Amino acid sequence: MSPALTAAGARDWLQRFATAVDEHAADLTDLDRPIGDSDHGVNLQRGMRAVLAALDAADPATPGAVLLKAGSTLVSTVGGASGPLFGTLLRRTGKALGDAESVDAAALGSGLRVGLDAVTALGGAQVGDATLVDALAPAVESLEAGGSVTEAAEAAARGAASTDELVARKGRASYLGERGIGHRDPGAASTALLFAALADGDGAGAS
Amino acid sequence: MSPALTAAGARDWLQRFATAVDEHAADLTDLDRPIGDSDHGVNLQRGMRAVLAALDAADPATPGAVLLKAGSTLVSTVGGASGPLFGTLLRRTGKALGDAESVDAAALGSGLRVGLDAVTALGGAQVGDATLVDALAPAVESLEAGGSVTEAAEAAARGAASTDELVARKGRASYLGERGIGHRDPGAASTALLFAALADGDGAGAS
Amino acid sequence: MHVPTKLLDDPADAVTDALRGLAAVHPELTVDLEHHVVSRNHDHFGDHRPGKVGLVSGGGSGHEPLHAGFVGLGMLDAAACGAVFTSPVPDQVLAATTAASSGGGVVHVVKNYTGDVLNFQMAAELADDEDIAVETVLVDDDVAVTDSLYTAGRRGTGGTLFVEKVLGAAAEQGMALAEVAALGRDVVARSRSFGVALSPCTTPGSDRPGFDLEPGEMELGIGIHGEPGRRRVPVPATGVAREVARTSVAAIADDMPLDGEELLLLVNGMGGTPLLELQVLAGDVVAELTARGARIARALVGNHVTSLEMAGSMVSVCRATPQLLQLWDAPVRTPALRWGA
Amino acid sequence: MHVPTKLLDDPADAVTDALRGLAAVHPELTVDLEHHVVSRNHDHFGDHRPGKVGLVSGGGSGHEPLHAGFVGLGMLDAAACGAVFTSPVPDQVLAATTAASSGGGVVHVVKNYTGDVLNFQMAAELADDEDIAVETVLVDDDVAVTDSLYTAGRRGTGGTLFVEKVLGAAAEQGMALAEVAALGRDVVARSRSFGVALSPCTTPGSDRPGFDLEPGEMELGIGIHGEPGRRRVPVPATGVAREVARTSVAAIADDMPLDGEELLLLVNGMGGTPLLELQVLAGDVVAELTARGARIARALVGNHVTSLEMAGSMVSVCRATPQLLQLWDAPVRTPALRWGA
């Protein structure tokens, strides 16, 4: 993301994320098996396919509009906990980006902060509760602190890994208590994929 | 049965049959698995335990009364196809033996003929239909022809074995048609045990 | 092959314990734990009706809710519950007959299995000794058995539900013994069933299921005693429910023309198949029946005539008449079937 | 671990196909196959009632008959059916809300799972935009979750049935929006459940069950989404049903005193357990409850709130009042619960 994120760049990002979700759908669902209900990969896959179709149909003009459209599509196609949460993240981030034709990493970080806050307001999870917030928050903080998208992706990955040793306090996994220790949170893992997809586009610009 | 069958001898016979049923209960049920409903051993076991208890309580004075009591007990405790059929066999045989204090092999054969006829009248099965009649009929015929109880037992065993290659035409096994070939009829197998128990007592008299 | 953990206390007492449980939650039923007979508690129903024809059924247990779950207002007067998959003995059937008798005679609804037929026949003789007039309606609705001459004849399966509901209503409305029995024979003549197993089941106390089924196989033309069916075929890769619907309806239609008929339909689960799946099957069955020119007048979807925890289905139909529909719609209040009351 | 053969056509279409089947056999229901919403066919029921409070529920599919099987006279007005074990999306809930709205406002009955809570909340906001007043009743009756502070809180399970029946009757009798909602919260406060799994279940299309259970093990404190429970214990050699009853009732009684209470009781099967076994369990549960000084006022035994083909049970109780009993006894006519109509 040396060249700032344009509408096309935002679509490429989501396209790469969708590809990653397709590739890892079984893994994400498997993460959801021991501590949840074995559907996280299926849920996101259904959602991201709908997102790509919706973006093709609507062809939004700005990165903000791309994320807004993607977010509302997730809300109306995913269901479960992850639909409203991922959907709200992208919708609110998109709204916060406003009409800008393109945004740099710092601006994206400020937008994502709005999205993150909406996610914590909606779901009530804090860092350490073993949810997607554990991957999302450090990534957003890294961007806010001037980090690159690659650094943000690394922070998200570390955050996702940190859930391995945590007792979940939100979502389905929380019902397992101590039995959940030793398992990675599926939503944190998919959030890490979202930021990895962002970093993968770095330097590729709008290509 | 060189000494003729007395009431005590008849009870010993049924005691030996009950022991054989206990020993072979699992085998009989297993025979009933591929071609029936996996309960023949369980059914007879329940019935013969009740028979022993009923004979202890009633202490009938003649071999005919012993068989009559045993038969009605089977009717009222076994259920399924085998309850009425084994029950009728023993009841009608017992009735036919009348008040005799003891009966020899030939008299027993005449009595069993009445029982056999009642069984075919009730169930409608003929020799070759792959039912207990295939073991019962040759044993009765052997006794009627002056054979020993040992010869009758051998005839019953051969009759039971003959069902291996038959297509059943009566009872549950008949639903399988050709799929039933290669399986021994459980009721024929238990009938062979009944005559084996009779032969085992030969020479042992009323002991 | 894996034997499922059963929610029982002692496998040997399964039937007694289940009847005790039925009694604990159904004060409107009288449960005779000695004979394993379930009958109406007339004080509870307030239905003392001298001269009403009594309706009795029974058979092996393991088919719940059949038959005890169909005892109550507008359906059975009493049910005799044998051991699992073993017909009751004559004494039990006699006890049920006596409980059901109000002076107008008693109809025995008997599923056509050698054991049931013989034990009910002996019970009818005993009832005759006690001056209770008994008529027997033999249910043999299973089309999987095509060669009745060389077998014990068609089995009694899902169609039993139609017979018990319709005769229960007829008896409640005051129909006399001979007419109830004749009506029952007519319902049987109008009913057909076909069953498919996707898994076997295991009798309580047994260490093995009634048959082994490899993944990817199904048994067609099963009865309701956990026994193997008439034929084993591979499960198709997709469209399993459509294939089961097609096979079941074709077997029925080959035996009894359905074109232009109004049907009572039962899409029955064998015990272990969840309702989500039964509903999918119901859609496919209705499509098959409609394509053959039949119309669904009334339908039930669920576990009504089961084989313990067997997975699979049974499709049962009855060609209705206005009289049958009126009797079907009449109020019924039993543990497993209830409407209008 | 063995994955059972499913009676489906295409696992991806399981919910659509099941709803199509429901529509095929229930002309008294309107099935919106686009939104996966089931609502009353008011022409069929003849129950156009301007101002009646609408009652809506919904959630993931796989719990049949919950919720779609409880749509009809005296119970739900509409149900939104999500993918298997996945809460519906806001658009679906909004479609159900619109279908249920007759001007008197709509009550959402929501089982307490993060996904359900969030999606219903968003739907309520959308309904507000359309000037439909929505009140939410959150069902969290599951006592297995004891540490609500450190979790997403107690789950909504079997007690949902009590809420839907009682509120359905209240709405039918003309109770106003705020009162229906308050009554619903009171029913929730009076309800408790505890579930046990004897086998896992497999989501359609998945190649593995939600958890592996060795023979001889059972999961205590399960939810209704095929997920593992709170604790795994060995199955006792005998008295399995007694042990399940004891554990379930003890967990409930530790949380809510039962002495001297009149109870609504649900002895619920998880989908794959046959009725014979549920009846045995019912006997043991009634014995446990009675020993603790409770009296069973009304009881249901059967598969009402399920997890696909999972074997196991859930015991649910609600401390009744005369008002609750009157509402419980009020006529209901739905595919899965029916009496007095």
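By written order: A, B, C and D. Residues from 1 in each chain.
The rule is simple: a residue touches a chain if its C-beta (ideal position, glycine included) is under 8 Å from a C-beta of that chain, and two chains touch if they have at least 3 such contacts.
If you're wondering where the values come from, they're calculated on a predicted model, not measured in any experiment.
Graph distance from chain A to chain C, where chains that touch are one step apart, equals 2. Counting hops only between chains that touch, chain A reaches chain B in a minimum of 3.
The chain with its Cα centroid farthest from the Cα centroid of chain C is A. Centroid to centroid, with C-alpha atoms defining each point, chain B and chain D lie 54 Å apart.
Averaged C-alpha coordinates put the centre of chain B at 32 Å from the centre of chain C. Chain geometry summary: the mean Cα position of chain C and that of chain D are 28 Å apart.
With touch defined as above, residues shared between interfaces to two or more other chains in chain C number as follows: 84.
Among the residues of chain A, none is in touch with two or more other chains. The touch graph of the protein chains shown is a line. Every pair of chains meeting the contact definition is listed here: A-D, B-C, C-D. Taken together, the chain B residues at the contact with chain C in this complex read 29, 33-39, 42-43, 46, 75-85, 122-123, 167-172, 174-177, 179.
Contacts from chain C toward chain D in the complex involve residues 2-10, 14-15, 17-25, 61-62, 64-65, 69, 84, 198-199, 215-216, 218, 235, 238-242, 244, 265, 267, 271-284, 286-287, 296, 299-301, 303, 306, 308-309, 311-313, 333, 335, 338-341.
Contact residues on chain C toward chain B in their complex (touch as defined above): 60, 82-92, 113-115, 118-119, 121-122, 144-145, 147, 150-152, 155, 203, 205-206, 208, 210-211, 223, 225-228, 230.
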